[in-house]
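This is the structure I want to talk about, given as structure tokens.
Naming follows writing order (A, B, C and D), and every chain is counted from residue 1.
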Amino acid sequence: MLTTPALNYNLLAPILIVLGGALLGVLVEGFIGKAYRARIQIVIALASIAAALGWVISIHNVTSQSAAVDSVSIDGGGLFMQGAILALAFVALLFFTQNDHFAPQASALPGSVEEAEAIRAGVQMTEIYPLVLFAVSGMLLFPVAHDLITLFVALEVLSIPLYIITGLARRRRLLSQEAALKYFLLGAYSSAFFLFGGAFLYGFSGSLSLGVIRTAAATPGSNHIFLFLGVLFMSVGLLFKVGAVPFHSWTPDVYQGAPTPVTGFMAACTKVAAFGAMFRIFIVGFGAIQTDWRPLFVGVAIVTMAGGAIAAIVQRDVKRTLAYSSITHAGFLLAGVIALSKAGLTSMMFYLVAYGFATIGAFGIVTLVRDSTGEVNDLNRWAGLGKKSPGIATAFALFLMSFGGIPLTAGFIAKFSIFTAAYASGNIAIVVVGVLSSAIALFFYLRVVLIMFFKEPTDETVTVAVPSFLVSTGIVICFAITLVLGVYPNLLFNLANTMTTLVP
Amino acid sequence: MNLLTITILLPLVGTAALAVAPRGNTQIIKIIALVSSLITLVSSLLMLTKYKFGVTGFQLVSSHTWFKVFNINYAVGIDGLALVLILLTTVLVPIVVVGGWNEAEGGRWSVKTFYMLILVLEMFMVAVFAATDVFLFYVIFEVMLIPVYFLIGGYGRGDRAAAALKFLLYSLFGGLLMLAAVIGIFVISIKQGPGSFDVTTLSHLKISHNTQDWLFLGFFIAFAIKAPLFPFHTWLPGAARSATPGTSILVLGVLDKVGTYGMIRFCLTLFPEATKTFAPYIIALSLASIIYGAFLAIGQKDLNSLIAFTSISHFGFIVLGIFALTSQGITGASLYMVNHGFSTAALFLVGGWMIQRRKSTQVEDFGGLQRITPVMAWCFFIAGLSALALPGLSSFVSEFLVLIGTFTRYPAAAVIGTLGIVMAALYVLILVQRSLHGSLQAGNEDTPDLNWREKVAIAPVIVALVLLGFYPKPAIHLINPATSQVMVAAQSSDPTPLAGR
Amino acid sequence: MRTSSHLVYLIALPLFSAALLLLLGRIADKWGHLLATLISATTFGIGVAEFFSMHSQSGANRAVTQKIFEWISVGNLKVDASLLLDQLSVCFVLLITGVGTLIHIYSIAYMDHDKDRRRFFAYLNLFIAAMLLLVLGDSYLNLYVGWEGVGLASYLLIGFWNQNPAYAVAAKKAFIANRVGDVGLSLAIMISFAQFGTVSFAGVQAGAPHASPVALSAIGAMLLLAAAGKSAQFPLQSWLGDAMAGPTPVSALIHAATMVTAGVYLITRSNFIFDASSTARILVVTVGVITLLFGAIVGTAKDDIKKALAASTMSQIGYMILATGLGPVGYAFAIMHLLTHGFFKAGMFLGAGSVMHGMEDEVNMRKYGGLAKLMPITAVTFGLGYLAILGVPPFAGFYSKDKIIETAFNQGGGKGILLGGAALIGAGITAFYMTRVVVLTFSGARRWKEGAHPHESSILMWAPMVVLAIGSVASGFLLSFGSSLVNWLQPVVNASNSVGGKELMNPWVVSLLALAVVVLGAGYAITKYRTVEAVAPEKVSIFTKAARKDLFQDDVNDALLVKPGKALTLGLVATDNYVIDGAVRLVGWVLSEISDVLRKIQNGYVRTYALIMLAGVFIGALIIWVVTV
Amino acid sequence: MDISNYLYLSVILFTIGALGVLIRRNAIVIFMCIELMLNASNLALVTFSRINGNLDGQVASFFTMVVAACEVVVGLAIIVTIYRSRRSASVDDASLLKN
């Protein structure tokens, strides 16, 4: 009689639901006619994410436990991250629905007859939706993974679909494909480091489980060279995913080249997943040798915060600007990892949600500013947006202010709490560099506000598309969350504060 | 609900009323704004009647949990210092509305938006002085910049966008340094008991010397930028050149006072030892401000930047008084804040009317107005006299208190400070001579004198200047208990007379 | 001490009248001057009443106080708005309100054609109020309010015709020179407070014996600076000549009789400081002597009748200041000269105004000549004032000025001879330039401009002149008869009855000496100005040129203060732009340059990106290696 | 033979791969270098498995192979698309996104 390991399907259900949705989407691609595909795919995607989110909510206060032998830990921290990913993905998906962001026929050459035909037929690649669902399922797994294999698999499951959808932009396809190539090559490169690091950790501890690695790291006298190589190489993979300097170079190019709604989705959800995993790995796996890796992380955080902020100053493309902004934010978020405390985790969780919604909202608005050839990403052509479309401009300004950490926005509370955690853990340098970088970053956020509100419109061809119901809903949700969490942070912060348990 | 909270929220009610008002009918919008600000004024006067004079500590306190994890509260309360500054705010806003009745027209956005921004700003200004929770203070300190940003950028003139951006960036930069310090002091409070942002609780913390120095600097630089103190002042002239008169009044008259108020409320109270460490340097800076501001005021050709530089000189006096750490100095500085509010208001109001009539901001374009528009000229002259602290006008009492309070501790500083007295006469009288006296400049012949609305706006300011000059007792009585409390918290006492020892 | 509830009216009435006239505007044009004059007369009435009620008391019981309200109270600084009327201030009250009222009356006629006459009277009342506050305040701070108040009134009146740019500049100059002096007063107040914890006269007096000599000298020096500003003493004298831009009644009241003597009042009031500090006294007499000679010399070359009189005023106040520096004995004589000077100089100024009135506002004496016949009353009253200033017995100046010269000599030793000699020479020069004025104006050939019709002024104008002329004749005798003023002031200034204990020179000798130099000076002037050209000669000695240019006072100020100040201003404006704001822009520039470098690193090549990553790995390895080893 | 030699080999392979990514221009070759790095990791995993005396490492290497296969699929797809669009597989040509 063979015994199978006990899997707690109740706790794994969110991941499985999303995976199921993805598989269903694949079937739809195969069996449903082009005319209906798009709608059905949207419904499936939104429904499966909503169902998963509902499930996460229903189990959000289960006691922490291992759900699949020792490979998956379902605990407060993990569930919060999952919930955040699902909520962000849901809203991000809303922005996929309006306008034609995606290539009609990815395999057709840009400018070819086939492409022209496909455009005439009015089709869009609907594979996007199942791919997003696959990525989401990887993201859901990443922060709850408790051993190195699961981590690696989850990392790849979340990355590979993203490589593909990065290359599916309808316009400026060459750029999009190039972005996909860069993302893919560099992503695989970093994965290799991640895996190599994992190998060394396994060699060091004799186990793939984070818990065992921690125990081994805590005992002095073993062969620590393997441990430190392992920590370093795994860090590379994780820091790459969050876009920390000097592993950030892909970010501006990929953010710019990818279809804008995808950029929003990627920027928000990947960060949650990666930071969730990073926190778990470093507190569960390497918590005992904090003092050894902390200087590295402090250094990375500092150059990330400052580098992102400074590099953004001369940018003129709105998506690149936001990309550099996301790099800066990665630096701020690293402060939470460095604090490596309950407060650090809480504030990191809050930060991820606050940042995520603002980012999705911001990229969502970028999708609406268009001329006859598609989106207008040149910031100078955004002049006078405040006059053309005050509502949209105001929303964008609010998101920027949240990025900048102006009080009464969620971003401010996030920044405040994460700096407090870092300060309390004794990392004052992070706080000082953090506030200085924020000051620099404010310059380019405010410049965008200035361009939108205080410059006369120069380009009459730029218009703001009327947002559809779903897109409006998305913007309103992002706007409301950014504002409400800024004015009344208790709503989320108290929840986050109770969900900081992590399975050791 | 607590009266103080009501006063804070009343402008918000006005804003809401404006929001639903018809966009096209500007008269109704202006009247709504005026009525709202007057109701706020009445409410703040009610607070004055309820206030118990001569009692130390905060009154009309109210506290509600806001952000539980960090023990952040919506905690408000006023002492005498806060009360006089709130009254300054609520008095000036209606004056700004009446005095700048037409200044919103021709802006980038509607008149309605202008007054909504003004009223929102009023709410923040009242709230910032009322906040007794450091976090709450910080939040308002930062967020109140936003309406000003839009007021300058949307309704100003000249290179308004750049001026607005410079103003905002400067202030936010200071604010971020302060954020680091706020975080620092909170973390210390966590380590010494339940974490708190309550200013009174925080003032009892034991903080090491070194830490105090850094935290002090975080707060101080933010306030010095806001105040503005030399050499953190370069945002001000541009902002003053670009802003409408009403905005300038609110920025220089009230908003900047948050800086000096903050120095008293936070720098002195929370970091007594660091205060003593840095006081000599800060006094040197404030003296530099006094002299430098005055020289630059003399050198300005633009009326608005001239007024701005006079303010830099005056803020030098305020800071001087604060860091002299004597009761005369602090009370004088506090009173100076109020008086400077009125005197700047008068200067900007009348200056604004002159500019509006002449369509030029250059001093050289005026001249001989005394004959053509005697009432306007007189108002400007009186405003100028209050800027040079003529006895009998309110600024004198405060400037004198600052100097005498400084002298007892830092005689040399006070001696240098008195140079400011002469310089003030220079910049005011040169301005008066060029703009009001002399032969009539071409183009000024048909300048109309003040109309009724303008007279109504300026009259209360001048009354306040004269009244507080001759009878400052009520204000001083309000401020004195706050001063003595600050002196205790700052662990300072007045020097005793030398000859009696 | 006695209290009174009337003192406040002395200040409040003219103040409210001034405010009323200014606020009502043109409505009050018809009757404004009458109200102002009435108010001024009323204050004189109150002053007289107070004087008699004081006179009926004895010695130490004469002073009266009134607390109006608590003004400033912070820490141990407590200043009430309180008034003090004692033997010293009552002299001033009578002088101010008395001469003030006369000049109000005079001005009704003098300013008849000016459409802003109401405003003029408002300013006059404002001045009266401020000046009374100055002499009635019971503390230095109250005094300071009046002190700056008269400065304001003076500014307004000098610049009364401010549409004339030169006049506006003169007004500004006066105010600023005064402000420099005010700094001295404010510093004196600060030192007093730091030393004694109070700023009231009584408090400082009580504390003075306990203070260090350095502190007392410092207070004294600062008070002297204040006095120099207000009383146009060296080195702050330069404003007074230009102040003649104001209407002539103003020159008479403010820049001759009352305001400019405030410095003398201040020093006399602070006798307890100067008595305790010999250093301060030396400074005082030095300033006094310099100024009395300075003014006299400048007076010899002025062709503008008002400027000549202004120089004379400066010189005469120099005498008073000199007197106050001579120790307890000098105060009373200073005040006596102040009072007599108030009569004769005001009288002469009004006379000058009368002449100008008749000569279509011509001020150049070279364009006068032979006016005595046509303006007999003016000539006679002016002549009486002339005799008084010369110190011809028994006119007023004889009693007061000779006493000062005598006291100076009695200082003894080289100091006595120096001071006394200077004062004596000053008297001679005074005789010269005053004779010059009289000769040029009233006698000799008529050098009038075409179309001039000199005529005697109306009764409203000559009546005050007559009253003042009577004062010029009689006041000296009245004040010194039986040492009445000296005794009267005794409780305030501790002045001794006799001229010091050591009478080194017989008073008669001094008087004869003084008379001799006066005769010399006057005689020389008469011979020299028998014939006068209508246009000032260009070829004159270097001394005359220097005197015409006020001994280069403006050039010195220009070179020392104005030019460097302007250069500094320009420099600082540039500094602000290029250095201070430049530093801010530099930060921005550096950041954007770095940003540009980062932008270039982001070159689009995958290989570069991978290289950056790998470099990161190596640096990371290095960090971990450094940390762990 | 000393088992640590396998580890040295693995490190050498990994380094070759890592440097190859920097040096080569053809996307396919770069990708092969990355595959080499993955395989170096696999070698390390297997070696450690041997050293540690459990099978976890060997199991992990199977996962790696599967994942690598997936990457190949996706990677080649992307590279081929690019090649079709540009008629070049040089990564240096794909450098429009920059600055």
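We take it that a contact is a pair of C-beta atoms (placed from the backbone, for glycine too) under 8 Å apart; a residue touches a chain by one contact, two chains touch by 3 or more.
Fair warning: this is a prediction, and the values are worked out from it, not measured in the lab.
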Two chains sharing the most contacts, counting C-beta pairs only: B-C
Approximate Å spacing (C-alpha centroids) for the pair subunit B, subunit C: 37
Subunit C and subunit D, separation of their C-alpha mean positions in angstrom: 95
Distance between chain centroids, defined by C-alpha means - subunit B, subunit D (Å): 65
Distance between the centres, which are taken as Cα means, of subunit D and subunit A, whole angstrom: 25
Multi-partner residues of subunit D (each touching 2 or more other chains): 18, 21, 30, 91, 94-98
Junction residues of subunit A - those touching two or more other chains: 181-182, 185, 189, 193, 252-253, 443
Subunit C: positions in contact with at least two other chains: 599, 602, 604, 606, 610
Chain-chain contacts as defined at top: A-B, A-C, A-D, B-C, C-D
Subunit A - residues contacting subunit B, complex: 346, 387, 401, 404-408, 412-413, 416-417, 419-420, 423-424, 428, 431-432, 434-436, 438-439, 442-443, 446-447, 450, 453-455, 488-490, 493-494, 497
Residue ranges of subunit C in contact with subunit B within the complex: 22, 25, 69-77, 81, 141, 144-145, 147-149, 152, 155, 159, 162-165, 168-169, 171-172, 175-176, 179-180, 182-183, 186-187, 189-191, 193-198, 207, 210-212, 215, 568-570, 572-573, 576, 580-581, 583-584
For the subunit D and subunit C complex, residues of the former touching the latter: 18, 21-23, 25, 30, 91-92, 94-99
Residues of subunit C defined as touching subunit A within the complex: 588, 591-592, 594-596, 598-599, 602, 604, 606, 608-610, 612-613, 615-617, 619-621, 623-628
Of subunit A, residues touching subunit C in the complex: 181-182, 185-186, 189-190, 193, 224, 228-229, 231-233, 235-236, 240, 245-247, 249-250, 252-253, 291-293, 295-296, 299-300, 307, 310-315, 440, 443
